[in-house]
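What follows is a structure written as structure tokens; I'll ask about it next.
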Amino acid sequence: MSIALAFLAQTLRIAVPYLFAAAGGVLAERSGIISLTLEGFMLGGAFSAMLGSYYSGNPWVGVLAGIAGGLVLGLVHAVATIRYKADQVVSGIAINLLAVGLTRYFLKLVFDSSSNSPRVAGFSAGTSTTALVAGLLHNPLIPLGLVALPVVAWLMYRTPFGLRVRAVGEHPEAAATVGVSVARVRYIAVALSGALAALGGAYLSLDQHQFTDGMSAGRGFIALAAIIFGRWDPMRAALACLFFAAAETLQIQLQAMQAIPSQFVQMIPYVLTIVALVGVVGRAVPPAALGRE
Amino acid sequence: HPAPPVPAASGNGLDIGIVFDVGGRGDKSFNDGAYRGGERAEHELGARVHFIEPGEGSDREAGLRLLAAEHMKLVIGVGFIFTDDLTALANEYPNTEFAGVDYALKLDSAGNVVPPPPNLAALKFREEQGSFLVGALAALVGKSKKLGFVGGMDIPLIHKFEAGYRAGVNYVCPDCTVIAQYAGVTPEAFRNPGRGKELALSQYQSGVNVIFHASGSTGLGVFEAARQTGTLAIGVDADQYSEAPGHVLTSMVKGVDAVVFDQIKKVRDGTFHGGVQEYGLAENGVGYIYDAHNRALIPDSVHARVEAIRAGIIAGRIAVPSTR
Amino acid sequence: MTDAGAAAPIVRMTGIAKRFGAVEAIRDAGLEVIPGEIHAIVGENGAGKSTLMRILAGLFPPDAGTVEVAGRDVTGWSASQAIAANVGMVHQHFMLVPPLTITENVILGREPRSGLAIDMARAQREVAEAAERSGFRMNVRACVRDLSVGEQQRVEILKTLVRGARILILDEPTAVLSPPEVQELWRVLRALRASGGTIILITHKLDEVTEISDTITVMRAGRSVARFPTASASAASIARAMVGRDVVLSNDATTRRSPISQTARAGLDVRHLVVAGELRARAVDDVSFSVARGEILGIAGVEGNGQSALIEAIVGLRRATSGEISIGDRDITALSVRERDALGLAHIPEDRHRRGLVLDFSIADNLILGRQREYDRHGTLDRARVLADARAAIERADIRPADPELPARALSGGNQQKIVIARALARETAVLVAAQPTRGVDVGAIEQIHARLRAARDAGTAILLVSAELSEVLALSDRVAVMYGGRIVAIVPRGEASEELLGPLMTGAA
Amino acid sequence: MSAASSPSALRGRVAEALLPPLVALLVSIVAGDLLILAVGQSPGAVYRLMLEGTWGNAYGFGQVLYKTTTLVCTGLAVAVGLRAGLFNIGAEGQLAAGGLGAALVGLALPAGTTALLAVPLCTVAALAGGGIVGYVPGVLRARWGAHEVITTIMLNFVVLAFLSWLLSGRLRVPETLHTNAIRAGALPRLSAWWAPFHGSASNASLIIVLAAAASTSWYLFHTSRGYELRAVGLQPDAAESGGVSVGKTWIRALTISGALAGLGGINFVLGYEHYYEEGFATGAGFLGIAVALVGRSNPFGVVLAALFFATLSQGGLAINALVPKQMVDALQGVVILAMAASVPEVRRLLTLRRGAK
């Protein structure tokens, strides 16, 4: 495989968890609920997907279990922020801590391990990575991840539900006056966001065939940055995800050259995020009702 | 005195305390090695072993202290991170024996080693020697001028693995290059298998056929990549063959289990003594796996060559660097 | 005109009560509306008008009482049920989603589908047809945020009509309209009435009530206190019913002293000012004028014609792209808010909730906002002095309740506005920029605020008054400027100014 | 007598302040019960063990105090940010930078420098180290509108990598992750004054940190700058109209916030190990958010909340014999969630009741 193709393939693979998480995040944020939760959703999804696959021996059951795990965490966030009007940032941070704590607790409980689950059935079993497409199709979650944001874009801009999501995120009172249930739209959006982000986590654990404590490793925050970078638009967020993944690929490739201290190479994606935030989207306007009741 | 999460030592039993490093049980390498050593001592020596997994920061010292206060016969800290806490506690509890796996020796201003307290055994592994051997092995088997290394957190302890590995590669193949990459600069770097896999895939794609990892759980991603691309990886600390059967060329094993068992046995036999104890190839403290599982992957000629190098190192004919 | 006694009421609300937390918004309010009439509801701020109408529109249930529509008991119904029963409401604060298109706003909640998706082509066709039927000209694909306020209101009305509204509730629809736009609205409402529709109209403007309505219900302090045919009422009698006492309805109560010569004491001077806005590069487009000390210059204009940008540039909240602003001989264009304040520039912000008050601060803390550093003593805020000064200000401005420790949030809008004004007028100022000083404030409070502004003017302050209420501009100003499309299109002395002259200017018609 | 200071209104305000933490405590106890029962243990026994290991003996309590010290700092950092309407999620990097600052000064001073000079210098260095890291997102927000939630998260990674690089040169003792021991500026352990604390890491930095909490409270509620900071947090547009520079206040708030987090570094560096070690700050930043929330962004509340979370954290070690200590990680999440949900709910119910009366 040529260098360019290898770069592209790696970028796409790295992007998949970001794309899933950003797809979920865009939905929730556009409905007015802040998505600081993506990291926790991913971790929970990774763990429950592993668990599903472990007990069934079938990775697709793992995928479903991952979705279920994400839905549950999403609903907890939704109940806290919508029903009980908890501060969304705070609830998000709590969800993240909760996901860390619960996955650790049950990892210990079920597998008597503080780090890793046993190996479970996953997706990337084959050997050939000679061709870009074949390599990417190995894991069915990769093509799914690549279409996640386009599907969300369609949902958002073409369907009644999407119109309501956008209305509710901009001006909930206006939506309420025409009989749209703000709470219901948000419940659905946040639950979906949990499920989608959890798929990103499921990708991580099923691709690795095991769960590792803390394996989401900050990817949820990068996905959130991608959403902001993409100005809350699904397609632009997708581009931002690819951009961040490319930065990471670049980081990996640059490290191999060993030209600069690895600490500085490690900074690249984060510094790029800040630069992007400052340069490109400094004044990006979030959905008007984001973070409000 | 601290409340006992650990039942008090009975006084006549062989009560042993082991405190794990971050990663804890289930890391499939280092801590698990210590755990196995402890378990074996329970079966074979009738020891009662109490394990503690601290969090970060002051919890490490607290864990050690808890065990010392409960009159364990021997308290073992697993990981260089325990060095200072062990030193302080050994001074404070002169009647308790202590042991530190990967204990980091201090140098005084003149550059001489400061000896640890007499009741503290500083257990040091010569990872660079084992790494040297797997480096040579990798270069001989690899059929490529490029060899790979994936480290976890970018810190001196891991540099030791890298340095030995490089030297080993270049010893048998002076014009080979080693691509060395690290997963990060925080402790998270030891538990990011997703990153490990991508690092490995990029190395394999650039023509590397064998990768040696020293990266904790991150390395599990390296094995995944080896499986997926049909290439080879080298495990670390413990025999990691089962992580990717057929794709684990060998593992650079650190005999943490044997050494832990050994120290417990010495305490039982009354032969325990403090001081620096180095475990290199000569002491069988480090080595590489060559058994029924991976024999097929390693030609006899290569095995013979590596064994010769091993002898050379033990005899002091081959010098192995421990820093980059 | 409909005879109130003849037809059975189409809307009958009795004994309605509603509280929000600790606030009792309405208690024992009632309403009876005859089919085919225009029914006005009037009352002071906070009387409970909007709340009563929201209950009728199904936005929330009443705590007590019954609601009947067309003879059916619908107490506690939902917004969608109300819509289904052809009750539509145009809210005081528009219920439009700015980034969505007109079509999307209109179809929200009842989207036509093809398969899973919205049938957008059909939606646009239907909305365009409906607009045409109502005599509205609009591009149904335009974003609502790009529309003028008047256009937005038409979208709001269209929203209700498309949903088949036969009972249309309008909450203060004219507050933001220019006189021609108001006439246009009356045309639409009359047409609706002619076709058998019923209209309930909330407004503060008594001349409008007398002009358009058939019947009037007056609310005071959460109760319905009077209901009479418009024909039998006068502006003064309505006002008396609203406030519970006599009110001076001042339009030309301006008792002017002899005008001071413009050059004698220079006040505010604005030269060729250009200011960028959120949407337009030249929200203020080459504006020049000056205000002498002891003079009130009123700027009339429909909202959204650059007044906000102008005010913000003058007080230092927004950078001027070019041009010059000075106080006396001092060029202040580059100075900060605080530095302008130090030179004697005071400001009554147009939006008290956003700019005027820290709602969670106490009255006392709000009264020192901007002066806080003056209360520092040895690095610590001198609380005793803060409170003493606050008590004095509360007394002077008649802020109720008179407790300096109460959070500003707990006060009614009128009393909140009194805090803002008390703070702006707390010391001698050379220049006062007063933006919408009586917005949403009831008749009694308006009286008092106008008096304070006149007193400041008489004490030698140069006042720039910006108001969407043409009547207010006419009542207070010595000279009147009209702003349209970011430009000052005319400045006329008070004597020559009239609604007939200014109205067309405000819409760019002249 | 004004309405606000009447006894019933006062009672209302006290209830509004105290009920949410109580509800959160109850909810987390129930959640904890479930987790404990899932392992087949008795909740009573586990909680007893937790209490015994923390408040039940001097050593355990000393450990609690040690953890409290750091958490007060990160909690104050988050609280000051919140008061200015900003979410500082970068306390971890700021704490680490503060620690390194203190260590660098401690290393640079000649051995034997009097503590009267060395401790203040090291402390100022800790404040400065954290303050600089806090200043950056402040400027990014004020000048370019870059949202601080994202920039502080990103800066955590950048700062930790940068500190690691600084250390990777000559600073690091070979084979370890830490610097040499500081030559001056060490603080005494509390056990020097009260023997039963023997062995616990708690040290005199607790006193400095409590003084910082008191100063923060004074700053926020009794100075004009604090007034401006709170005004900006509650209603930035109104503050701006009042002549307060919102951008400057943001920068100031985040700098103070960072400095307070950095101050926490003295606990480990000056008080405990006497060197800077990579990773000593892990987790304390995120927990600081919890502390600030449960403490209602009030410095004194922060101290109490820090004590609570320190107890939980130390308790985890104690209960490990019966249930996995990972339980407390989950409980922290539950406490924050319950707290976040019960604050508005309690307010709502209280106003409902007040209305009904």
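Here the chain labels run A, B, C and D in written order, and each chain numbers its own residues starting at 1.
The rule is short, and it goes like this: a contact is a pair of C-beta atoms (placed from the backbone, for glycine too) under 8 Å apart; a residue touches a chain by one contact, two chains touch by 3 or more.
None of these values were measured; they are calculated from a predicted model.
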Return the chain pair with more inter-chain C-beta contacts, choosing between A-C and C-D.
C-D
Cα centroid separation, subunit C vs subunit D, in Å, comes to 46
Determine the centre-to-centre distance between subunit B and subunit C, using the mean Cα coordinates as centres, and give it in whole Å.
74
Distance between the CA centroids of subunit B and subunit D (whole Å) is 35
Considering subunit B alone, which of its residues make contact with at least two other chains?
53, 154, 185
So which stretches of subunit D touch two or more other chains?
157, 161, 164-165, 168, 348
Spell out all pairs of chains that touch, sorted by label.
A-B, A-C, A-D, B-D, C-D
Inside the complex, what are the residues of subunit B that reach subunit A?
20, 23-28, 53, 154, 179-182, 184-185, 188, 191-195, 197-199, 201-203, 205-206, 216-217, 220-221, 224, 227-230, 243
As the complex stands, subunit C meets subunit A at residues 57, 59, 78-80, 83, 89, 91, 93-100, 104-105, 107-111, 113, 116-118, 120, 159, 163
Subunit C residues touching subunit D - in the complex, by the definition given at the top
19, 21-24, 315, 317, 336-338, 341, 347, 349, 354-361, 365, 369-370, 372-373, 375-376, 379-381, 383, 401, 403, 405-406
Touching residues of subunit B toward subunit D in the complex: what are they?
1-7, 52-59, 61-63, 65-66, 69, 80-81, 83-84, 92, 104-107, 154-157, 185-187
The residues of subunit D that touch subunit C in their complex are 2-5, 218, 222-224, 227-228, 230-231, 234-235, 237-245, 348, 351-352, 354-355
